[in-house]
Amino acid sequence: MSDSPGTLAAFRHFREKMNEAILNAGNVNIKRFFALDTRSYDAGALDVKTKELLGLVASMVLRCDDCITYHLVRCREERVTDDEFFDAFSVALVVGGSIVIPHLRRAVARLEELPAA
Amino acid sequence: MSDSPGTLAAFRHFREKMNEAILNAGNVNIKRFFALDTRSYDAGALDVKTKELLGLVASMVLRCDDCITYHLVRCREERVTDDEFFDAFSVALVVGGSIVIPHLRRAVARLEELPAA
Amino acid sequence: MSDSPGTLAAFRHFREKMNEAILNAGNVNIKRFFALDTRSYDAGALDVKTKELLGLVASMVLRCDDCITYHLVRCREERVTDDEFFDAFSVALVVGGSIVIPHLRRAVARLEELPAA
Amino acid sequence: MSDSPGTLAAFRHFREKMNEAILNAGNVNIKRFFALDTRSYDAGALDVKTKELLGLVASMVLRCDDCITYHLVRCREERVTDDEFFDAFSVALVVGGSIVIPHLRRAVARLEELPAA
Amino acid sequence: MSDSPGTLAAFRHFREKMNEAILNAGNVNIKRFFALDTRSYDAGALDVKTKELLGLVASMVLRCDDCITYHLVRCREERVTDDEFFDAFSVALVVGGSIVIPHLRRAVARLEELPAA
Amino acid sequence: MSDSPGTLAAFRHFREKMNEAILNAGNVNIKRFFALDTRSYDAGALDVKTKELLGLVASMVLRCDDCITYHLVRCREERVTDDEFFDAFSVALVVGGSIVIPHLRRAVARLEELPAA
């Protein structure tokens, strides 16, 4: 398993291609899950930015690189700044421990691919 | 393992007694970790309420009841409303899956012990 | 945390009471998740018994006692025999390791509360 | 960490080479574990197909790509159909949550490398 | 779920009773796993004390209270001192993060039930 | 995700580059965590070799390849022999189950890159 992540473009290409294959397979419960997953980050009592930060930190402590990449992109679109990202990372780190560090490294490398806030 | 949680008072009593025993044991790295844990939720680029919500959702997806209780109490002190709690719960649920549900039940039972926002 | 589980009746009472409180809170995404969770075990290409066994083993390796109890009850209703249960337990044990053992103990204690297959 | 998986041939080559190195190292408890791991999927009260599906779903919720690949191959050898796979995936998804999705993508990509049922 | 642990006597009674029930159920792979679990802590290239400390820290980062209790007892029998325990706890804490803390509290409470080293 | 690991040199290069980027970002709590992480393996009541072995086994059961690589290197520097490594691996395997095996394969491949003890 390589320590440095692939490019964001490669991530997006594979994600879109496979999401399409999954949704085309016709399993209705999986389709419902994907729809619910999207809706869960819509604005509600909490705003979109806060919910994307929640998704980011949840993904970090559960150590899912692809989920982290997805939420980094969405957070940036919601104008999360670098200092806010590192503040969120520090919570993930203290809750999840040093095993979060390799994912933090890849998250910071990924962040460098994204446009500034 | 009992499904319903003990009282908040029992949680607090045991937590304080044992934290004291741990800090009195004299291991400097454990003391540093406890201090860092507390500081990680101080206001920074993100405000305290957001950071406590991050800690709450991280605790839910990692399924740590005592951590959930701690952050529920702190979130309430920061004036998190019931609707905001359930919005955060919904993110934890979709990220972490149905195994989060038993912890959600105990979180909601715990919430009923706390004063209204 | 107590090693022996509470009674099945206590589990059911708390589960039903809190599920009602959760669904009454009015968060639509949480309601959708609960509905999807139920539908995921309906007969499809795989029959109900197989899907409940999948839910049971998933719950064991993720070490969620309340989830295990729920699926033990549903599996028994689907006429899973004791030998079939232990065969499923053996897969959970080898995949998940010795940390599954305390949950296996509680599962077997729970099984003794259920009617024979 | 790359999002798309390597080839099945590369997986098999590395797996066989390293399993041989591990077993040649002469640690008797590790040898016993490997033997027990194999035997755990033999036909018993449950048939081989059901046990391989249990192994697959356990691997998905624990998010182990190499374990998923192994059980996908074995399930296919036991004539698991695409619809049955997606039914099993839907259980893994609802139990384990959205963090299972990246592994589901890689599982479906892997499935496309396998012969039809 | 209660925050404070039950007594060591209750743990031992339930553990022995259920282990007996499990082994009497006649599943040969489960029996083999239990035997292998015991043998894995026998003296080898590493001594028993070191292996029990490895089991303890593994149990802490995986957050299994009953496993922690078991290894605390065995470590004490191998003359692990309080300072050595806290040194091991500090490694578990930094690797596993603040979600280990509730288990650390219960471990220290349990330690108070054991005879001095 | 590739099953075979990248080279040790690539791991070190990426690790050092990203650690520098993380520490330069100026978040004081993250800096404190990194400092505490290093200090946690200093000699105390337990010696460095034992603490590095604890870190290794914790990393294996939590299935963090980069953490495993780091502790393999440090253990080797502390003169851990091949037989001692495999003894530690056997504890990780029985505690964490067969999902540890892919990480064990990569650990053994990594070990072949390191100088003999």
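For the reader, a short list of remarks on this structure follows.
Order as written gives the chain letters A, B, C, D, E and F; numbering starts at 1 within each chain.
As a working rule, contacts are C-beta pairs under 8 Å (C-beta built on N, C-alpha and C of every residue); 3 or more make two chains touch, one makes a residue touch a chain.
This one's a predicted model, so the numbers in the text were calculated from it and none came from an experiment.
Chains that touch both subunit B and subunit E: A, C, D, F. Seen from the C-alpha centroid of subunit F, the farthest chain centroid is that of C. On residue numbers, the C-E interface is repeated by B-E, which shares over half of its contact pairs, out of the options D-E, B-E or B-D.
The greatest centre-to-centre distance from subunit A, using averaged C-alpha positions, is reached by E.
The pairing of subunit A with subunit E is characterised as same-residue: of all residue numbers used at this interface, over half are used by both copies.
Averaging C-alpha coordinates per chain places the centre of subunit A 23 Å away from that of subunit B. Centroid to centroid, with C-alpha atoms defining each point, subunit B and subunit F lie 30 Å apart.
Residues of subunit D found to touch two or more other chains are 1-4, 27, 29, 33, 36-37, 40, 44, 59, 61-62, 67, 83, 86-87, 90, 93-96, 98-99, 106.
The touch graph of the protein chains shown is complete. Within the complex formed with subunit E, the subunit F residues making contact are 36-37, 40-41, 44-46, 50-51, 53-55, 57-59, 61-62, 67, 81, 83-84, 86-88, 90-96.
Only residues 1-4, 63, 82-83, 86-87, 89-90, 93-94, 98-99, 101-102, 104-106, 108-109, 112 of subunit F touch subunit D when the two sit together in their complex. Across the complex, subunit B meets subunit F through its residues 27, 29, 32-33, 36, 39-40, 44.
On the subunit D side of its complex with subunit B, the touching residues are 61, 93-100. Every residue of subunit A that touches subunit D in the complex is listed here, in rising order: 1-3, 5-6, 10-11, 14-15, 18-19, 21-22, 25-27, 29-30, 33-34, 37, 59, 62, 64-67, 106.
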